[in-house]
Amino acid sequence: MGTLELIQLNLLSPVVLAFFLGMLATLVRSDLKIPDELYQALSVYLLLAIGLKGGVELAASSPGDFLLPAAGALALASAIPLWSYIILRKVGRLSVPDAAAIAAHYGSVSAVTFLATLAFLSALEIPYEGFLPALLAIMEVPAIIIALVIARANLPGRTSWGEVLHEILAGKSIVLLLGGLAIGYAVGREGFAAVEPFFVTPFHGVLALFLLEMGMVAAQRLPDLRKAGPFLVAFAIVMPVLHGLIGVFVGNWVGLSLGGSVVLGVLSASASYIAAPAAVRLSLPEANPTFYLTTSLAITFPFNLAVGIPLYYAFAKFIL
Amino acid sequence: MDLKLLKLVTIVAEAVISDKIVREIKELGATGYTITAAEGQGSRGVRASEWEGKNMRIETLVGEAVSEAILQMLATHYFPNYAVVAYVEDVRVVRGDKYV
Amino acid sequence: MGTLELIQLNLLSPVVLAFFLGMLATLVRSDLKIPDELYQALSVYLLLAIGLKGGVELAASSPGDFLLPAAGALALASAIPLWSYIILRKVGRLSVPDAAAIAAHYGSVSAVTFLATLAFLSALEIPYEGFLPALLAIMEVPAIIIALVIARANLPGRTSWGEVLHEILAGKSIVLLLGGLAIGYAVGREGFAAVEPFFVTPFHGVLALFLLEMGMVAAQRLPDLRKAGPFLVAFAIVMPVLHGLIGVFVGNWVGLSLGGSVVLGVLSASASYIAAPAAVRLSLPEANPTFYLTTSLAITFPFNLAVGIPLYYAFAKFIL
Amino acid sequence: MGTLELIQLNLLSPVVLAFFLGMLATLVRSDLKIPDELYQALSVYLLLAIGLKGGVELAASSPGDFLLPAAGALALASAIPLWSYIILRKVGRLSVPDAAAIAAHYGSVSAVTFLATLAFLSALEIPYEGFLPALLAIMEVPAIIIALVIARANLPGRTSWGEVLHEILAGKSIVLLLGGLAIGYAVGREGFAAVEPFFVTPFHGVLALFLLEMGMVAAQRLPDLRKAGPFLVAFAIVMPVLHGLIGVFVGNWVGLSLGGSVVLGVLSASASYIAAPAAVRLSLPEANPTFYLTTSLAITFPFNLAVGIPLYYAFAKFIL
Amino acid sequence: MDLKLLKLVTIVAEAVISDKIVREIKELGATGYTITAAEGQGSRGVRASEWEGKNMRIETLVGEAVSEAILQMLATHYFPNYAVVAYVEDVRVVRGDKYV
Amino acid sequence: MDLKLLKLVTIVAEAVISDKIVREIKELGATGYTITAAEGQGSRGVRASEWEGKNMRIETLVGEAVSEAILQMLATHYFPNYAVVAYVEDVRVVRGDKYV
C-alpha cells in the first residue's frame, strides 16, 4: 500500500471521521454541546483503560525486552524539548516563556494520538508490543520538567519546584496511567478478565466519541491560527514529521517491532494537551496559551491524526 | 433581625489558580467562601470549557480590613498574568459576627 | 397475535417499563435525579449511533430502493403540519403562534419513539430496511420550516429566516444524525466493526436508561394537562393514530416491508421534542410552551410508546 | 485456601485495587476529579442493574425458597440498630442523636459492598441465590426507621413522620432497586436479553470506576478519624466483624447456600452511605455527620472491602 | 429606565435543605428565586461533593418586609443545625413591581 | 487599593436566548461577562432542566451609561416573550478602568 492509500484508509476510520464531524459541528456553529463532565468522564476512562491494558501486557512480557525501548523513549523525551526550545528561540524569535512552553508540549505526548495509532495498527492487523502504554507514561513528564528548568534558568524570579513537580507527577494523567499500569500488572490477565468487557470491548467507540469532542475544541482554536503566525504553523507541522521519523528510527534501533516503532514515532511526533497545558499555565503564566494550545491542539493533533500516523507507518515499513 | 454590615468580595478567576486563591484568602483571614463554576469572556478571550480553562466565581464575606488585604493580594500575585476580576460591595449578613 | 396481546408484549419490554418507572419516580416525588449532563451524553450517543448504523446499512442498500420511500416520507412531513395547523386553528380555536408551534411538533419526528419501534420489531424478529434512519433525518426538518412560514405569513413582524434555518439545520440532532449517516456510509460494515461494540451492543440498555429520564420529564408535565384543556388532549391522541395509519398506508404503498411501513407510521405519528421545541422557542416566542411541550411530551410520546407502536403494527399486518 | 490467601486474592482484584488507587490519588493531592455527575450516573446505573438482574432471577426462583431468607434478613436489619444504639450510648457515651444516627447506618446496608461480594464470589466461581438483591432492598429501610424512632422517643420535639418515611421510601436507592426488581421480574430472562449487554456485561468495570471515586471520597474523610476518636474507630471495625459472623450464621440457618450466607453476612456487616446519610441529615440534624460518615465510609467500607468479605467467606466455609 | 429598589436576599445552604427553604420562602411571599449549585467552606468544614453535601446558592428578589421574614425564618429553623449563610443587599430591578 | 465604582448588571434569562443576550450586551459596550448555569422559578413556572429550559445567570461590570442601555435593550427585546429578570447594583472594582 502506498502512503496515499494509507492516508485514505486512515481517514476513513470512524475515529478520525468523528474528529472531523466535531470540527464541522463547530464550524457550522451547531448547538451540539458535549458536556464538560462527559469529556472528563471519557478521559478518566481512556487513561485508566490504557494503563490497565498496558499493565496486563507488561506482566506478560519479559523485563529485558522492555529496558532498551524505555531508554530510547526517555532519550527522545529529553532531547526533543531541548532542540525545540533552541529552534523556537533562534529561528522563531519567541520569548523565553513562550519557547519553553511550546517545547514542553512537543516533548511530552498525546494519549489520544497514541490510541488512534493503536486503532490504525489494529485495522491493518499489525501486532505491537504490549508494554507500549508504559512508554507513553515514561514520555509524559520529563519534557515538561526540562522545559520549565530551561525557562527558569533564563528568567528572573524563583520557582517553587516542589509545587511544580507535584503538579506534574500528581496530575490526573500520570495517576491514572501509572495507577492503571500497576493494577493491570498486579491482577494479570485472569483478574483483568472481569473488567475487560468494560475497559476493552467498547474502547474504540468511546475513543470516537472523545474525538468528536476534540474536533469541536480544535475547531474553536482555528481562528487563533492567524495570531500564531506562519512560523508557528510551520513549526507545528514540520517538527512532528521530523520527530516522527526520528522516533520510528530510534524505535527500530532499540529493537521494537514494526508496530512498536510506529508508535514510538507517533509518541515523539505528538504534542501534549492534557498534562502540559495545566503545568505550564501554573508554572509559566507569562507564556501565552494561544501559542501553545493552538499549535498542539489545532494543528499538530489533527495533522498527526489524519496524515502523520500513516506517514510514520509508511516510513517504518520503508526502513524495515 | 440583627444584621451586620460586611464586605462581600467576589472574585472571578481562571480555574487553574482558584485553589491557590482560596488558600491565600483563608490565610488573610476569611472564615469561609462559596464557589460556583462559571464561564466568561474578558480581555483574555473566551473561557468556557476544560480547554480554554473554565472560570471559578469565588465569594467571601469578610470585614473591611480583610477585604482590603484580599484585593491587595490579588493585585500583586494574580492580576499581571492571570484572568482575574474582583469587586467588592456592602451587604448585611445574618449572624455576621461569625465571619470576622 | 391480537392487538391487545401486542400491546401487552410491548408494555412488558424493559425499555417501556423504564419509562413508567421514571414517571413513577416523579409521581412519588423521589429524590432520584438524572443529571442533565447524563441526559445530554445519552442523547448524543443515541443520535450518533442511529446515524452510524443507518449509514452502514444505507451503503449496503441500492439507491433505487430508497428513492420512493424518501419521497413518501417527505410528502408526509410536509402535509402533516398543514392539516394539523388548520385543525388546531379551526376546530381548536388556538392562536396563530400556538397552532403553528404544535403543527411544527407533530409534523416533525421523535427519534426515541423511532428507536422504541426498532426495539419492538427486533423483539418480534421482524426485519426492516436498513435505510430507515435516513427517513428519520428527512422528516425532522421540513415540518418545522413549513409551520414557521405559516406563522410568519399570518403574523405581523419580520423573521430573520437565515437565523431560523441555521438554528434548525445546525441543531444537534441533524448534525449528529446526518454526520453519523455520512460516517457510517463512508466506513462501511468493515470499518464500523471496530466501534460496533460501543454503538450497537449496549444500545437497548442505554435506551432504557434514557427512557427512565424521559419518564421523569413527562411526569413533570402531567399537571399541565389541565392547562392544555380537553381539545389538545384529544388532539394529542387522535392525530397520532390518524397519522400512524396514514404513515403505514403510505409506507406500504411506496414499497416498504412490513417493518418499514410500521416505522414510517410511527414517524408520522410521533411528535418532536428535541429539534422542534428549541427552534420554536427562538422563532415563535409568542407560542406558549405549555401547549406544545405537554401535548408532545406528556401525551403523544407515552401514548405511542405504550399503545401506538403495537397498534400501527397490527394495522400494517392487517392491510398487508 | 486459608483466610490470608483469600484476603490476598480479594485484594488483587481490579475492583478493590481501583478503590485504593482512588485513595492514593487523594492522598498525593492529585488533580484527578471524578465529576459529581458521573458519580450520580454510575450509581443510577449500578442500582438499576442490581435490581434488574435480581428481578430476572427472582422470577426464576420459587417463592418458597425466598420467604425464610427474607424473614432472616428482616430480623437482622431490625436487631442490629437496637443493639448498636445501646452499645453506642452505654459504652461509647455518645449523645442520643449521634448514637441513633450511627445505629441507622450500621443497621442499613451498602449496595457497593454487596456488589464487591458478588464479584468476589464470581472470581471463586461460587454460586449464590438469584434473589439476593431482594434481600438488599429489604434490609435498606427498616434500620433507618427504627433508629429514628428511638431517637425521637428520647428527644424533645416532634417529627413529621410522613415526611421522614417519604424521604426514605422514595429515596433513589429504593426506587431504583425495587423498580429494577419489578421490571426484571416482569420481563423475565427473555425480555431482559435485549438490555443485558448494557446492564450485565460491563458491570464489573463500571463498579471499578465507581470504586475509584469511592476511594477518593473515603480518603478525604481520613483526617476526620482523629475527631471520631478511638471508640468509634474500634466500633467501626469490631461491629462489622460481629455482624458479619452473625449474618453468615443466620444465612446458614435460614437455608441459604454458602454464597448466599456470605452475602447475608456482608449485608449485615456493611453500613449504609447512600440512603442513611440523606435521611439522617434531614430528620436528625443534631447528629454530627463527621461521626456517621467517617465510621461508615472511611473505616467500615474499606475494611469490609479489603478484609471483611474474605473473612466472612472463610467463616462460612468453616461452619458449613 | 424605570427601576424599583428591592432587596436581594442570598442564601447559601446545604443542598439537603434547599427544597425546604425554597418552599418556605415562597410561603413567606417571594414570587420567584434563582438557584446555582455551589461548593464552599465555613465553620462546618468543606462542602464540595455529593458526600460532603454540596451547597445551593439561592437568590430571591423581594420587598423589605418579605426579606425580613425570610431572614427570621432562616434564623429560627435552620441556623442552629444546618450549614447556612444569608445576606441581603439593595438592588434596583427592571419591572420591579412584578416581585412584590 | 484603587477601586472604581461601576455598575454590576445581573440578568437571569432562559438559556435559549442567553447567546443572543451576550451578543447584544457586547455590542452595547460591555467589555466582558460572567455566566453561571442556574435553575429557578418565577411567573413562567419552574425552569430546572433541559426540557423546561434551564436559566443562565449573566453578570457584567459596566459603566452607568452602558448599564442603562443594556436594561433598555432587555426591556424592549426580551421582557415581553421570554423569562428574564434583570437588576443592577453598585460595586467597587479592582482595576476598574479596564471595564469602561
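The chains carry the letters A, B, C, D, E and F, assigned in the order they are written, with residues numbered from 1 in each.
Everything below uses one rule, namely that contacts are C-beta pairs under 8 Å (C-beta built on N, C-alpha and C of every residue); 3 or more make two chains touch, one makes a residue touch a chain.
Bear in mind the structure is a predicted one, so any value in this text is a computation, not a measurement.
When chain centres are defined as mean Cα coordinates, D lies farthest from chain F.
Chain centres here are Cα means. That of chain A falls 40 Å from that of chain F. If each chain is reduced to the centroid of its CA atoms, chain B and chain E end up 20 Å from each other.
For chain B, the set of residues that touch two or more other chains comprises 36-37, 89. Within chain C, residues 35-37, 40-41, 201-202, 278 each touch two or more of the remaining chains. Of all possible chain pairs, those that touch are A-B, A-C, A-D, B-E, B-F, C-D, C-F, D-E, E-F. Of all residues in chain B, those touching chain A in their complex are 14, 16-17, 45, 49-54, 81-82. Note for the complex: chain A touches chain B at residues 36, 39-40, 217, 220, 273, 277-278, 281-282, 285-286, 289-290, 293, 297.
Those residues of chain D whose C-beta lies close enough to touch chain C in the complex are 35-37, 40-41, 44-45, 48, 52, 166-167, 169-172, 175-176, 179-180, 182-183, 186-187, 191-192, 194-199, 201-202, 278.
Interface of chain A with chain C (complex): residues 12-15, 17-18, 21, 24-25, 28-38, 41, 119, 122-123, 201-206, 208-209, 212. Put simply, chain E touches chain F in their complex at residues 1, 3, 6, 8, 22, 31-37, 61, 89-96, 98.
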